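Shared between the two complexes below is chain A, which pairs with chain B and chain C, respectively.
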Partner chain A sequence: MLTLLEQLDKGSLWQSPGGIHPPQLKTLSNQSAIARLPLATRFIVPVPLVGEQATLSVGVGDKVLKGQSLTEGAGFTYLPVHAPTSGQIVAIEQHATNHPSSLPTLSCIIESDGQDTWCDLIPNSLEQLSKLQILDKIKQAGIAGMGGAAFPSHVKLNPASEIDLVIINGIECEPYITSDDRLMRDHSDEIVSGVGVINHLLNPQRIIIAIEDNKPEAAQAMQAALNRSNLPKGVARVTVIPTKYPSGGEKQLIQIITGKEVPSGAIPAQLGIVVHNVGTAFAIQEAIYQGKPLIERVVTLTGEQIGQPGNYWLPIGTTVADALQSVHFIESAEQKVIVGGPMMGYALAELDVPILKGTNCLLVPSHNEIAADVDEKACIRCGECAVACPALLLPQQLFWHAKAEEYDKAASYNLKDCIECGCCSYVCPSDIPLVEYYRVAKSALKIEAEEKRQAEQAKIRFEARLQRLEDEKNAREAKAKEAAAKRQANMKSTDKDAVAAAMARIAAKKAQDSAASSAPTAGSTTQVPQTVVDPKKAAVNAAIERAKAKKAAQANTVSDDEFDKNTAEVNVDDKQAKIAAAVARAKAKKAAQVNAESTVQTPNTAETSVAGTEPPADTVDDKKVRVAAAVAKAKAKKLAQAGQTDDTTVTTEPTTDAVDDKKARVAAAVAKAKAKKLAQANQTDDTVVAVEPTTDRVDDKKASVAAAVAKAKAKKLAQASQIDIGEAVSRPTVGVESTAEIAPNVALTATADSAELSPEQIKKAKVAAAIAKAKAKKLANSAEQEEQ
Partner chain B sequence: MAFKIASSPHVSTSLHTNTVMKRVALCLIPGIAVQSYYFGLGTLIQLLLAVSVAYLAEAAVMKLRHKNIKATLSDNSALVTASLLAVAIPPLAPWWLIVIGTLFAIVIVKQLYGGLGNNVFNPAMAAYVLLLISFPVQMTSWVAPQTIAMNHASLFTSVQTIFEINQSFAAEYFRLGIDGITMATPLDTLKTDLSMGLTTTESLTKPIFSGMGAEGWFWVNMAYLAGGLIMLKLKVIRWHISGAIIASLFVCASFGFLISPDTFVSPLMHLFSGGTMLAAFFIATDPVTAATSPRGRLLFGAMIGVLIYLIRTFGGYPDAVAFAVLLANMCAPFIDYYVRPRSYGHRTGS
Partner chain C sequence: MTSIFIAVAVLSLLALVFGVILGFASKKFKVEGNPVIDQVEALLPQTQCGQCGYPGCRPYAEAIANGDHINKCPPGGTATMEKIAELMGVDQEPLNAEAQSTVKKVAYIREDECIGCTKCIQACPVDAILGAGKLMHTVIAKDCTGCDLCVEPCPVDCIDMIPVETTLQNWDWKLNTIPVKVIHSEPEEQAC
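Then we have the complex of A and B:
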């Protein structure tokens, strides 16, 4: 088994799959030496010719010399642009460029002064310069790959990995094109000296100058030049390979010379191989030894529509129109002007576009040479395209999916490995422009990938934003919690109940201060809670107890201790109890504000009914109750400020709680409104209030309606005589002595009933509550009358 | 100045679909000639009928589909389809048989699937199977080879028979061998004899097997083989499918023959009898309905070869080309999906 180097030295060749043998038609243009055309008067130099964006170092009106740099830049792949001749910059504007799309590009329009005066050139020798200086000189000369792709050469000459093999590409496999052929024949020594520079920079083990066997003169000239050169013996050699399109493709050439395949998605340098075009070697030599930047190149002007086909040195920036005109171009109908060869070249839409660094050929064919486009016919899946494909793809399958716009499926057939050589289209018996389909599919995939990438970015951004908002919210909450904790700490008590108890104590004290008359003993209050065992009832009872305790406090000078005892009992109960306690406290305040002995009864009716109706609400929802309680509390305050007669309205609210949270709130609001009205008015305005319930019906809350009705009745009753009161008094189950005591008990019985029935018969409970309320009102009215 | 813009490449070969199809049709000529020699001129009449009906049917469908009639007819695909069906059916089959078959092939199998390039099944074979199943008597009434036939059909009598003008010249009349016994095709005879307990050697003594392999059929197959080789030379077809069919059929037949020469037909008989060569070079190589990658085509061909052998040996029909091709047609997309060549720069397994 021979090593690769031995095989390279032997000139062993490998097979590249596929490929075609189109008519060469090279003799049309390679019969004469490279000539020069008269200097054109106008040049278009696109500024971002190759590589990264650069800044212009000249302005409109500036005089430039031939070879003067027009741009400045610092990027790694930046390549300067030079003035192709001496003259004046007449415009810097968007101008169509030499590209299939003819998209406008920022270009310097230079008007030649006809002198063609060079700027100062600095020739060097290899010995004078370090490798970095050589690379910089190549970069500053603006040298890009001359084979067509125009990739900045200094990048390829400064690879990250060790280079074992340099291939100098003199294949020129496209039909018609002979610029490399002529360059090798006419300037073989210069090319070899350029190869010497590459050898100096990369120090490879072997350099292969590859030439197709259809250019024997070029191969001979190169071999002779190599023999004359001072390159180390055994390093460089000329290898002639069989003519086949597309052997000149970088990947195909590597396969033919070394038998290796460049992995998909990789570059040859990863295999330790670099391929440079012969034209690039020539330009490197010019840059180092002559100091000349890349401002002109050999262009094959060929095709039957050209009077003097051949190869010409054309300054970069010469317009295609000028170039063709000076070789006697005859335009035919539906003329195609192709940049590059017939296999991979693109047709120009207009000719006022410049020759670029990668422009190796202008083909102006007659209709005999290149037939007019024919209609695409059905694919018969003959598979000839697969046989011709040098990338071993299945073009028929790619076509099938590309045409159906199933681009993901096309991608699964390795669409990206298509080198667009055109072999498939060339052999297609159905005249299908396969490469065009692949270009469309590739663009679509590219756009899709870009959109996907952007969507991914947007998603990341969105998620980051959500995270940020969440963090901010958490931070705010933490801060609020901290603040709350601080507040609580400031209050020197963490127990809410303790706070409530304290507040209750304050209220009790106030009441104590204002209390003037006597009331029933506290003894009777303790009896009531004992009759019930249910926790809810217990809570209710606790509330009632408290209320009574307050009354007691108002009546007697009950000590704080007893009050504490009551609140301690409350603490045992659940939240509801606390709420009830709070409600009770609020009412206690009201009561405190009312001084007269006789009026004590009225607040009591309000209190007891409020406390009494709460339990059914509790069974429904804890929150609702709290809300309702809070509402009730607020109203209670208002009422307290307004006057004792209005207390009755408060009683209507809690009943609604049992039905629904919303309804309850609405009802509460309605009730509140009514309470206000009542507060503002006095009893004589009751008729007005009685009208209002009709509006409640719209809200479909039976409970509130019932409450309203009850309210109205209560008021009517209140206006009635004391006989009614007597009836009401007869109801209580617990025997009592004073009228003051009747009210709480009435409420209590109603409450006890409703608490038991509430799960099934909330309505009944409500009704009962309403009745209780009504009675309470009656009592209140009677109390008033007594007062009066 | 407006210049013509076009996508590269700007050149292409001169070998177009219509040329390819025309060459296929031309390469059928040796086979048709030999077939006409042995089995009478009925084949030519069938051919004429089939081609006319095919073009008419295709033109009618193109008109209905509002497509360019001339462009479609000029691709010569209908010509090939019609020719293949015409040579596949018995030469003296009644005229309506080929008309039905051709209409079915062109209108239903080909055009209803979207025309050239879109049909799933080989139109000629799908039509053949339709006729075989629908009209088994007419489809199996092969005339006796003229070298051993009792009655010879002239062009005139052929026309009379095909168009059912004169009942005295029924197809049956021309099936009589020199011994006065109605003749079946060699494969049919063998199958019947083997099922009757005769050995192949005993069966092969019958006059139908005089000459090499089978009388007439051997030379017909040789002629199609010659036409196929010309197509290979012209690069109208690639070798993969034909090679795989012949190889797999040969391997299977040899295997059976080696195990039991008395009950299994010899490989030579398999290769040069029935429609083997016609199928291998002209029918299975229809690119539209075959697998498309080289390896896929090898698989496709091998599958046809094996199926031909299995159906001929163990199935109910003496010949099996049409069934084998249709079954393989069904598998072609499947093969194409799983058998893909390794692309450049992709190591094995990717």
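Then we have the complex of A and C:
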């Protein structure tokens, strides 16, 4: 029993099943050497990978050189596309392509400049490059399988498994086509040197150059070249195989050479075999030794309608119309132009499409060569197709199911293993275009599989989305829970505030009671300063003192100049403080006016405190102290009134109450002021003051303070005016004047401040303005009353 | 007499042995869930469009397994309905929705009209719309199932459903649909 290698060396051949023997018709085109056609002016270079694996590296209007790469990209199966000649890119647009569908695909339209200038080429030798560099060079040259399928060659030259056998395919079994035949005859040495590169890369045990016996000249030329070459002896040999269609098919050729059958769905590399076309070997040699990218190929232009049939070097991107024009193409009615051979080729719908890397033949037959379409007749179940099928399929069964559109059943008869060779159609006595049915069925199955894949994808995405929504919901709930817990915690602290507020309220009530009870005694006292214990209280008291002093000073002079001076002295650095100060000022002024005109009793007591209390006023920098000061001011004014009316007693005990919470203290102070006012109100008239509402709003400290201050002032004013009415009926104009003066003042300061304040402060300013308005109204009312 | 006892004993023993085997098998080879649901779901087109009244294809598959009508899937069309009828062993029913055009479509956002409201993003069942608030949105065409759900919520009506473009990848070999000068692919015998 001989081993496979020995049998290969002996040239043993196996039978492949099926196959036909169509007329060859090769002599039409293989009589002359490969020629060149005049350079066309316009080239269409499709760049189908752009948008998927590649990007364009040129733009419209760019000048390109022959061999310049038009695309950049990455990816295992990415192949660059090169300019076939030098010239200018006049458009990058969707253009019909060389495909049975003629669907448009993105293409660069290059207008030749006629120079055909090469870009810089880098020739190398095998020794200079590592295997990876060689593979990269082959990839960058854009070399694809030249046999027709145009599969990227560098992928096949870099297999995952060990390669034992390389078959160089020079079979060219289709009728009419002679491009490989002529290439082997004219460029045998180059092909063999390309085979050397493949040998270097794959290092197989054997290389078989397979040629059909209808090409004896090519076989001789290749054998001679092989003998001349420096390939190791015994590795490579030329094997001539009998002519039969479709021996050139990859799987059929492997079966003939080795007797092995490539399993369904497998690739030859799994058997340790790789098949390359002779044209590919030639292109590899050009790429390595001359640095030329794959920009032209041999195309057989043949058929009786062509004046000069033969093989021509055509730049890839040459339009079919241009190529045919150059070889004196005679157009007849209903002319068919077939790309590829008569067995597997397809007719073009239009001629303005480019030559591609896999275009090996353009067949332009006359009506005598290829018969007109015949109507399909019923299948007579002769079984000829099954005999002819090289893939051992059951074409009849496939036909039934494909025709009935039961594609899944057709698939169960291994439709995917059909190589679309056309043998079954060729032998069919009923003229049934069987391959057409299979192609339709195949594409339907392909689309179905794609839809299934998309459905699977959609399902995965849908489930991922549901998962995401679920996660988001959980996260939201967790956050809400956390926030609730936080709120709970905050609630506890606000409870504390509430307690403090309640305490303040109690204190206020107490103050009210004491005010009411002390009213009859009518002994005005200013004991506050003496009871001060801690620094903070001292500050509060100091502020009170200051306010009193100021008021007193005003009361003394009753001049606007002095009033201004006083306010200027107050070194207030904070805006809020300014507002408070403005409010206080307004109040003070008003109070002073009232004092001056109604009574002169207070100056004595006020004067005494002026000197001692000025300094602290300058050092007021703490906010809270200022708030307290504002409150105190209100109180002070009240005191002044007390001085006027002589029948009110001011009790300042509540301030000294040891309420450790500051807010509570402020509230208490406010409450106190109100309480006092209430007491006064009780004495002087029937005005009802609601104490509770203001004290409830402990949380908005400043607002409530301001409100309390405003209320206090308003009430006081009312009282003052009432007292005026009671005491001196002869001074009706005072109220009116003060209204006129105060209202604008307060409004002005409020607006002036608000212009430069932040939103928070603006709010406060607004509160102040509202207070001022309220006061003004009250004053107006009182003035009216006076008039009456 | 003893032969009767032997027969009874042997049969009892056999019954016991088979009982144990069956009991083991019922535990060991227990089928979780209803396999029919998975089979039906595999037939549904997974557009997740909700036109059947269920929130997605799986819920509808479950409903079919529980005896719901099989004609509620317009994206699947008659072909899907027929396959489900075959699987479930029920009679075919005409689709209850108006005849859905068989052309596959994808959503397309006219991007200069998009106001960036994110409503379509929330509506998309397969997260095939990309964008953020107040920024332009766009559809990831390869992931779009053409379910139409994004068209309704768009406040500016800038979403179109456009048919999927035929490319070389998804072109199906139907020679009659394209204007090809058809040739006969075999040379005549007398031509040689």
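Note that the second predicted complex is superposed on the first by the 449 of 788 C-alpha atoms of A that agree within 3 Å, B and C clash if a C-alpha of one lies under 4 Å from a C-alpha of the other, contacts with A are read in each partner's own complex, and residues count from 1 in each chain.
Just so it is clear, a contact is a pair of C-beta atoms (placed from the backbone, for glycine too) under 8 Å apart; a residue touches a chain by one contact, two chains touch by 3 or more.
Just so it is clear, the model here is predicted, and its values are computed rather than measured.
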item	value
Contacts of A:Asp186 with chain B and chain C, given as first, second, both or neither	neither
Partner chain in contact with A:Gly422 - chain B first, chain C second, else both or neither	both
Chain B versus chain C as contact partner of A:Glu450, first or second or both or neither	second
Chain B versus chain C as contact partner of A:Pro22, first or second or both or neither	both
First, second, both or neither for A:Glu436, with chain B first and chain C second	both
Touching partner for A:Cys382 - first (chain B), second (chain C), both, neither	first
Which of chain B and chain C A:Asn368 touches, first, second, both or neither	second
Touching partner for A:Gln396 - first (chain B), second (chain C), both, neither	first
Chain B versus chain C as contact partner of A:Phe462, first or second or both or neither	second
Shared chain A surface residues [contacts with chain B and with chain C]	22-23, 100, 175, 334-336, 338, 342-345, 347-349, 365, 370, 373, 422, 425-426, 433, 435-436, 439
Touching residues (chain side chain B, partner chain A) in the complex	1-13, 15-17, 19-20, 71, 75, 77, 115-118, 238, 287-288, 290, 292-294, 297, 336, 340-347, 350
List of chain A residues in touch with chain C within their complex	22-25, 48, 97, 99-103, 105, 175, 334-336, 338, 342-345, 347-349, 365, 368-374, 422, 425-426, 433, 435-436, 439-440, 442-444, 446-447, 450-451, 454-459, 461-462, 464-466, 468
In the complex with chain A, residue positions of chain C that touch it	41, 44-48, 56-57, 125-128, 143, 145, 166-168, 170-175, 178-189, 191-192
Sites on chain A touched by chain B in the complex	17, 22-23, 100, 175, 251, 255, 261-266, 331, 334-338, 340, 342-351, 365, 370, 373, 375, 377-383, 386-387, 390-394, 396-397, 413-414, 417, 420, 422, 425-431, 433, 435-436, 439
